[in-house]
Every structure is written in structure tokens, then in C-alpha cells.
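Have a look at the structure below, then the notes.
Going in written order, the chains are labelled A, B and C, and every chain counts its residues from 1.
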Amino acid sequence: MELDYLATILLSSLSSASILLIAAMGLAVVFGLMGVINLAHSEFLMIGAYAALTVTKAGVPYILSIPIAVMITMSIGAIVEMLIVRRLYGRLFDTMLATWGLSMFFMQLVVVIFGTSTVSVATIPQFNVSIGEYSLDGYRLLMILVAALMFLFVYLLMTKTVYGMKARASIQQPEMAQAIGIDSNRVNTLTFSIGCGLAGFAGAILLPLVPATPTMGLAFAVKSFLAVVVAGPVALTGTVLTTLGLGGGSSITASFLSSVIGEVFFFLITALLLWLYPCGISAKWRRKL
Amino acid sequence: MKNYIIKSMFVCGAVFGASSTFADVNVGAIYDVTGSFSIFGVMQSNAVKLAIDDINAKGGLLGEKLNLITYDTQSELSKYTQYANTTVLRDRPAVVFGGMTSSSREAIRPIFRKANIPYFYSTLYEGGACDKQTFVTAPSASQQIKPLVEWAIKKYGPKMFIMAPDYNYGTISALWYHEYAKQFNGEVVGEDFLALTVTDYTPTIQKIQRAKPDFVVAIPVGPNQVGFLEQFTSAGLKDSIPVVSSNYSTANEQVLLTPNAGKGIVSSHVYFSSLDNPENKAFLKKWAEVYGKGQTISPEAVTAWNAVHLWANSVEKAGTFKSKSVYTALESGEINFKGPNGDVSMEPGSHHVKQNTYIAMGDDNYGFEVLETFKAVAPSYENQKCDLIANPKLVKHFTPKA
Amino acid sequence: MTLSEKIYQSAGLTLPAIATLTALVVAFLIDPYLAFVSTSWLIFGLLGMSLDIVWGRGGLLSLGQTAFYGMGGYFGSIAAINFSELTGNSIIWALPIGSLFGALSAMLLGYVIFYARMGELQSTILSYTFTLLLWSVIQTFKIDIGSASVLGDSGLSNIPGIIIGFGAEAESLGPNQALMTVIIIVAILYFLTRQLMHSHFGRIIDCIRIDSSKTELLGYDVRKYQLLNFIYAGAIAGLAGTLYALWSNFLSPSVFSIQEAFLPPIYVLIGGLGTLAGPFVGALMIGIMSFVLGGAAGGQTTLILGVTLILLVLFLKNGILGSLDSLWRKFLPDPNAAARNTNSVKIDVEVLKQILIDAEKQAGPAKNFSTIQLFKKFGGVIPVNKVDRNFIPGKPYSLIGANGAGKSSFLKTCVGIYQPESGVVNLGDDNITSSPIFERVKKGMGVKNQKPQVFGDLSVIDNLWIAAYSRTHDQQIALDISHKVLCMLGFEEQLGVNASALSHGQQQWLDIGMVLCLAPRIILLDEPAAGMTKEETRELSLLIRTLALHTTVVVVEHDMDFVSTLEGHVTMLHQGEVFAEGNIEELRKDERVLDVYLGRRKHV
């Protein structure tokens, strides 16, 4: 097999994994720091995409629409946390069902507001890169960098800021955190809202790759959900590994064999990993983030 | 536990009892108006309503007012079975319009067969459904593929690459592409079938580059189609390898796509809203009056609209709403309708329609320019396999063998 | 017992029985279309019940129920299509085969989940992955089996309806008769399941949910019971799937879809987790709501359903039946009232001796317990370093040592919680080094951990009974034994009280009582005196000394005063090795012991 073909497959699989990581990051933060599985995560991603699309249509440059989308999803996230998630702490499966209901609600709400198909915009960046005889979507490759930066940002946010320390303290030593005066409610609201903001960011940044439709989140929902759970308690770093392994692996499989086998690969490896690591791959790690 | 049933049944009875007391002629419509398939369902449901209102506004049918009862199946298959039986058992409709995915059609077809109620299906599908009660106004796959393959090979060259979703619509369509490629001296140089949940098309795009085809046939459905075209364009390939499709525009994909990516995509379909004829203009005007301006009309809205009118014409010809006479009328070979997409006529034996197929190219403003019109294309595969006049007891779903 | 209490006790039987009869009458009378639609709600309720067995009782939220439902549906239908043409009656073919395949798929998935001892969330996710895997495979799967053709996403058509007549001319039942048939089938399954959940099997399943490690310490093979429960639920789900297929005459891969997998948990949660009847209420509510909305809401169905779901989760924590249940209980006398008027425990030594003599008769003489070169390490830490010990009956053995000396690790390696790197553990003449915990217990090991481990939701007598039953496998003998232990502890008054209502100290005693019910031939006690009052400690010491006369007793303890009252052998561990031994006086004179054990702590 030619070298350039191999190189493009590796690069594009890496970018597929990065896209999955971008989509799953917020979910991992919320799961890792709050122990909450947010099944409406993919709808926040969708809201982010719609927000970016709407402001871009209003004439704002695409690049500026991204922070706006993040702010919108963060605010919605904070409201959702205060109204719903806060009341269900410690009830993992109840939270899952409530957020499942929320995802149904958001999906239909977007249909009511925007209709089933929304006109796209022309100002979204498109460029391509050539490797040997093959050419690749440049924006897609850019996602590798975006994923890396996003991870770095979240990592620094959690380790170098006061908020991050508080957030980690509240999850690792909740009583101690309470005792030294950390308001865990506020920290949790912020954490959840950051998780939703990351989803909004994902929706906005992926807009040139995935069109904004009410059901766009579904495509990411299942896979990012699985990747985060397989990652286990050290959600953030663990998710980097699982998205690389599962997402990249299934993309490579799809390249050499067929798309359905790629999907089956994803699910089978997920099952296999769960079997080998019954509490997630990071269950025995020493690190905490 | 179950005493809830009783209470709730009274509630249900009260809710539905009201609508079933009308003396008018009932018409059932069963579509996914909410949930993940609403992208296809809302348009058809609205079109049926528009058509029924249109008929009522002109004084009804045979002097009777039509009473439309719509059901929202919420993109959930068990709801199809529930509502289909509800409408049969309670509303006793003269006709039912509805169904979306192949599985939803297959779920409700037997119910109407048993109840002997004419059932109209107007979603683009893989073809081959055949029984006395079922009438299909949407094109079947082969109907659009033949003209497209002929056109594309002449225009771009013989080598084609097929990318299709990995379920019946995709695999059966692919068989037709192979079949017609042979017929028009073309060659399939590669194919890739995609799982339903896939959003990553780079593996396919690389396979395409490797196979070096003269053109690509892309028939994923809805947002998947958009994702593929967007990524194909971004990879800088669209200018060197043209893309043709026999379902692009079904769910208004051209609107979701960025104008740059949409430009130059060739689609073969039975309707484009840019068609220049008086019926289309009147239809678009009516639609805008009821549902607001600025909506892009999908081909399936038109096939649903045609379905209602073809049925209405057959009732008028039969002079009664009785199923048996309506079938006879529909099978007379004389049921025609001048629709927004040109003349459509019901084929007597196969219960599919003969209609125009248009080859159109996307522009950079979410629209299409019609390049060529193939007049009155017959559903040849269905006509060949399915003759319900000679063999009225036939109940089958024909699929071509590879 | 007052009348209202009696009614409450039997509510799980009488109310469903009344509901069944009413439903049968209603089913006969209502409009055919309503009969038809409500048949599906009942089937969904049955699917929900299969989840409730696994989740509400077994404690595992499975998103695989729809997979078993689908597998059962497909295979049951294939059987019905092929055979019922010849014989008529479709359900005699479809139901057994459907439930068989539901059970088989549950067995496959359950084996992986339970034998790999997966985490809670991971088990849920694995079951979800299982469903998704089937979904993506069956979407493109095509096969002809006899006259049934599975056609990928176009599904499986021509499934016969519910036929109960025999012969080739037998016709499918009309909607009303079909509903009545389904009501009867569902009622039979409900009462069967209720019976099962009230039998010893159900009680063991309850114990596993509450505390699976304690259940294993009582000698139950936890994984086996979990798997059996899962398989039973799989069979119910498979049967529900078959009924669904016969109802709709059609089946497609959508039963395995992402969305469908979440419906059973919704039914269960809305109806009330663990109530068995709740899922029917939940399925009915959601069914009615979405049916009415889909006919009338003008296309906002999912909007309203989503909001309702959120509100229900937020404001009806225990579901509808669960909330009604707690409301009802408010008007009943408090069953735990007796927990408040208890005196401190006073061991009745005569009864204890009688129990121990009986135990010896039934379970044989006390056994020796020995370790040979037992070695365990964690990374660089070696908490158990080549320990040779032999424990024999007669006098209690105490293991002492400073924090981190390795006494707990030694005990855990003996119990089987840790697997040693090398060395041997013998119980009597058996090498049990690699035996799972429950087998060690069956061979005569009894373990009492530091914290009291009792089944909080079960009554005091049930706690004892479940322990006794593990050994005797006879309901009546187990009851006799538990009553004796109850007398010995002086808990006669608190017989019906929930164990969780007892005080901490009383729970310790109950836990010890449970260990005695096992008639162990060797008893391992981990810091039994922790958190006990002086008086209680005295009673405990008496108990342990009496025990040691009939069995082998090993106590891990750091309270030296308590150890000295035991008048037994003392072994001191240091850095994972035996450091000194003898009786407590000898050790107290040993300077090295004082250096290591006490010397560093000036204030002890």
C-alpha cells in the first residue's frame, strides 16, 4: 500500500478521534468532576451549532460566533443545573432520565423555533491539504490542533485556577471542601455550565463539518457517552485515550474494511474494554484528572 | 395497577369520541411529525393537509366534506401499528396517507390490506412493494436511477463510484446502479456502504480518491448526505470529481449545505421547486399562504400532494368512496393528475406512478437549475414484476437479486 | 395486626387481582381500537417489569432489556410463522421459543457482567452497547428461515396474530379477545414473578442488592443468583417481545434502537422502582399520554413528553406506586416502634451453648485453620510476609499489631478478599487458597467484619433466617435456628423491626447472630469490640470465650484490654511477619513488643 494513502488514513483517523474528543470533552468534565451523566449533552452541542449559525447569519464573523455560542450554552447549562440537576445529586440514573427528557425537549424546541431544516451560511472556512496524490479537508485536520488546545485549556483550568482547585476538592474530599468553606453548589453550577459551554464550543467549531439539524447531536451522543464511561473515574485524561483508541480505531477499520465493520469495531472494543476493566480503564490510576 | 386502564380509557374515549362523530368522510394521515424523522414527516403531513383543504374549499368530493385525521407517530415504530389500527377500527377512513421509513411502511401495509382500505405511500423508496391496497406516488429507486446513469455516463465518462447507506434503500439502489451501468457501458470502479450512525466520511473520501472514478454516486439520506458533500467539497475534490445523486434534495439537503458545496451537485428527482409551470406556481403560492413564505418545498411534499389528488380523481371516476370501486378506477389506466411536477398517471398493474424525472444541478443559492427532463418515466421494474390486474391476490415485496 | 395493616400486607396480591378482573371486564366492553392499543401498553408494562426484576430487585439498571425483547420477538415470530400455519395456535410456539431466546441472550450478557464483577455504571453501559451492537448488525442482516424472511431494516413481516384455536382454519383473535388473552398471560407472569420474589430466591436477590459482599459472606454464590435473576428477566422480556410481534404482526430492527432502550427505565421509574406492578402503571401513563398527544397535540408531542419526564423524575422520587406506598404507610402503625424500647444486650449463655452443640451435631466438629508461607504484596508494600500459622479450637486467638502491621491484610487474605501471591490457606483438610469466598463459607468459615453488615430493609428475623437458610436449605429448620439465635440475643421483641432501625451496637450483635446462624467451624472476627460500650464488650468477651470452646476463633484486635479478657493465644504481627507470640502476660513483659507496639506511642 502506498505511503501517501497510509499517511492520509492515519491523519484522518486522528482527526476523527479528535472530533470525538471535542464532542466528548464537556461530558467528561461533568462526569469526572460531578459524577453526573448528562444525556442532554449532545443537545447542548446542537444548541451551540444553532447559536453560531444564527449569529453568523446576522452578520457576525464565524470566528466571533464561537464565543457567543459558548456563552449561550453556558447560561442555559447554569439554568439547567439550578433547576434540575442540583435536585438530583447522588441519583445517577434519575439524572440520566431527567436529562434524557431534557434532550427530547430541546430537540423539539429547536424544531419549533428553527423548523426541521435551517439554511446554512456561506462564510464558513473551507480549505484543503494535499498529501501525495490524496487531498484532505484542511479544516478537519485543524481539529487535531483544536482538540489538543481544548484539552490543554481544560487541564489548566482545573489545575491552575482557584475554581479548578475548588472543583477538584469538592469531588475528592466533599466534606473537607465543605468544612473549609467551599460553596459546592456554586462550584457545581459552574462545572456543569462549563461542561455545557464545552459542548456549545464543540457544536460551533464543528459547524463546518456537521450541518446544524435538530438531530445532529445524536450522531455524537452515543459514542462520546461510551468513550467517557469506558474512561472511568479519571474522566478527562481517560477520555483522551478512549476517544483516540475507539474513534481512531473505528475510523481506521472503516478505511480498510467497511463502515459497518468500523461501527461494530467501536461497540465490540467498548464491550471488551469494559470486560477487561470493569470499572473503567482509569479505575486504578493514581492521577485524578 | 390496571384500574388505571379503565379511567384512562374513558379519557381517551372522550378525546377521540368527539372527532369520530362526524358524518363526513374520514381521511387518515400517519406521519412522523416529531422526533428524529420529522425532517421528512412534517412536509408530507402539511402537504396532505393542504390538499385536503384544497378539495374541501372546492366543495369537497362527491359533495361530501373530507375530514382529515392526522396522527403523529413520533418517529417510533410501535406508534405506526397503534395509529394504523386506531384509524382502521375507529375512524373507518376512506383512504390513508402515510409512512416514512421502509419499516414503517411494512408495518402498516398489512393492516390496510386486511381492512381493505386504499393506502398511499409517497416517500422515495427502494421499490418493489406490491399489493392490491398499496399505491405509491413517490418514485421507486430504479425510476430515477436509469435516467441519471444514462445522463452521467454520457456527460462525465464511464467510471462510477457508489457510496450508499448500508440498509435496504442503499443496497438495492446500488444494485440498480450496477444494472444500468452495464446497460449504458459504464463501470463501477468502487463502492462503499455506510452505517446509519456514521458522521465521518473520510474513509469513504479516501476510497474514492484511490478508485479515481469519473463521477461519484452519493445517496446517503438527509443530514448524512449533507455531511458527506460538505467534507467532500472541503477536501477539494468536488471540482475534479463530479457528484450525482438520485435522492439529493429529498429532505432539502441543498438548504443545509453551504452554497459553495451545493454548487454543481447533480440530482435526479421528480420535482424541483424551480420548475416553471403554472401548476407549480399555483402550488407554491398556496403553500406560502398557509405555511408562510421562505420555505423550500421538498419533492415528497409534491408526491404527497399528488397522492391526495390521484385518489380524489379516482373517487370521482368511481362515483363512490367504496374501496373496491376506487381500486377499479385506479387500475383503469385513466387516473391522471397535472401536478406541480408535470403529468403523473397511475400505472394500472403495479400501483406505482409514471412521472417526469428531472436532472438538475445545484446552484450557489440553495436552488437548482433543471438541465434535462425525462418525460413520463415508467416504474419499469414494478411494471415488470407486479401486475395486480392479472394477479389481484399478489402480496409481495420484490427485491432485485444481485 | 389491624385490618388496615392486613390490607396493606396483601396489597401486592389483592389489588392486582382486582385490577386483573376489572381489566378483563373492561377489555370485553371497550371499543376495539382502544382494546388494540391498550394491548401494546400492557406488553410494554411487561417489558418494564422485566427491567424492574433486574433493576428494582437486582440493583442493576440494564439497558439490554429491549435487546432480549427484540431477540425473543424475532425468534418467537420465526417459530410462529413457520409452525402456526400447520397447527393454528401461534402462542404455543412463539411464547416458549421467544422466552428461551430472551433468556439465552440475557445469559450471554449477564455472564460477562456478573462474572467480570463490573462496576454499576459500566454494567449499564455494557448492556447498552450490547443493544447497539445488535441494532447495527441486524439493520443489514438478511436471512430466510423456512417461510420467514428477515429483511434487514425492512423487518420481518407476515407474523401471525394471537391465535389460540387449533387447526389450519384457526383465526387470529379480535382486538378485545386478544387483549383479554394478553391480560391473562401478563397476570400469570406477574403473580409468578411476585411469588418468586417472595420466595427464598427473591429474598436472596434483595440481600444481594442491599449488600452483595455480605451476602457472599453468608455463603451464597452471589454471581450465580444474579445471573439466574437476569436470565429470568430476560425470559420475561423475550416473552414480551414475542407478544409484541404477534400484536403488531411485524418486527423491525427499531426495537433495538437507541431510543427504545430508554423506554423501560422510564416506565419503571414513573411507576415505582422495585414494585413490580409499577412498570405497568408507568407504561400505561406514558402510553396514554403519547397516544393522546400524537393524535391531538399538533406536533408538539415530544416537547410535552420531555417536560413531563423531567417533572416526574424531580417530584415523584419513588414513582407513582412508591409514593402511594409511603403515603399509605404514614397511616399505619410504625413497625419499627419496638426498636426504641430495647435494653442493652445480655447474652444467654445457656441458649448459646445449646446453639453451639446443635451446630456441632449438624455441621461436624470444629476445624483447624492454617496458613503456610502466606505471602501478599501490593506494589512495594508487603503486608503479609510468609506467615505460618495454625489455629485450633479451644482458646480464642488474638492477632494484634500496630496500624499497618498487616493484621487486616492477613485476615482479608484468609477470607479470600485478597488473593495471595504465594502460600497456602487450609481449612480443615481442604486447601482453600483459591476458593471463592462463598465456598470457604460453605466449608465452615464464618466472618464478622469491623462495621456491622446487616440488611437494613429486611426485618431482624429475616436477617437471621437468610443466614441460616444458606446452610440448611430448609425453610423451617432455618426458622427454628433463627429463633434460637434471636432468644440468645434477647431480640424477641424486635423480631419484625427493620435492621436499619436498630442502634449501631445492636446491629453489631445482629451481625454476630447471623454468623452464628451459619454454624461456622472457624470464626474470623475483625475488631469486634470497636464502638461498643464497656458492658457490651464484657458480653462480647464472654461470647467469644464460649465460642472458642466449640469452634476455632480468630480475633483481630488492637484493644489490648479487651484482648486480655479473652484469656487466649496472642500473636503479634509486625511488618507483615509474626513478631511475637504467647499469652498476653508474656507479651506484656517482652521489651521488644513494647518498643514496637507501644514504645512509639508515649501516651498509650
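As a convention for this text, a contact is a pair of C-beta atoms (placed from the backbone, for glycine too) under 8 Å apart; a residue touches a chain by one contact, two chains touch by 3 or more.
On a predicted model such as this, the values are computed, not experimentally measured, just so you know.
Student: In terms of Cα-based centroids, which chain occupies the most central position?
Tutor: Of all chains shown, the one whose C-alpha centroid lies nearest the global centroid is A.
Student: Which chain's centre, taken as the mean of its Cα atoms, is farthest from the centre of subunit B?
Tutor: Result for the farthest chain: C.
Student: Any chance you could check whether B-C or A-C wins on number of contacting C-beta pairs?
Tutor: Pair with the higher count of C-beta contacts: B-C.
Student: Roughly how far is subunit A from subunit C, going centre to centre by Cα mean, in whole Å?
Tutor: Inter-chain centre distance comes to 36 Å.
Student: Centre to centre, by mean C-alpha position, how many angstrom separate subunit B and subunit C?
Tutor: 52
Student: By the touch rule stated above, which residues of subunit B touch at least two different other chains?
Tutor: 34, 36, 38, 42, 166, 195, 197
Student: Would you pick out the residues of subunit C that each touch at least 2 other chains?
Tutor: If we look for residues of subunit C contacting two or more partner chains, we find 136, 140, 300-303.
Student: Going by the touch rule set out above, which residues of subunit A reach two or more other chains?
Tutor: Those would be 107-108, 218, 222, 260, 263.
Student: Please name which positions on subunit A make contact with subunit C in the complex.
Tutor: 37, 84, 87-88, 92-94, 97-98, 100-109, 112, 218, 221-222, 225-226, 229-230, 232, 260, 263-264, 267-268, 270-271, 274-275, 278-280, 283
Student: Please give the residue numbers of subunit A that touch subunit B in the complex, ascending.
Tutor: Per the touch definition, subunit A meets subunit B at residues 5, 8-9, 12-13, 15-16, 19, 107-108, 111, 115-122, 124, 126-128, 130, 133-140, 208-216, 218-220, 222-223, 251, 254-255, 258-260, 262-263.
Student: Okay, in this complex, where on subunit B does subunit C touch?
Tutor: Residues 1-6, 8-9, 11-13, 15-16, 33-36, 38, 42, 45, 69, 71-79, 81-83, 85-86, 88-90, 101-103, 106-107, 110-111, 166-168, 171, 195-197, 397, 399.
Student: Taking the complex as given, what residues does subunit C use to touch subunit B?
Tutor: 15-16, 18-20, 22-23, 26, 30-34, 36-38, 40-41, 136, 139-140, 151-155, 157-158, 175, 183, 244, 247-250, 252-255, 259-260, 277, 280-281, 284-285, 288, 290-297, 299-303, 321
Student: Residues of subunit C touching subunit A in their complex?
Tutor: Residues 61, 112, 116-122, 124-126, 128-130, 132-133, 136-137, 140, 258, 262, 265-266, 269, 300-303, 305-310, 313-314, 317 of subunit C touch subunit A in their complex.
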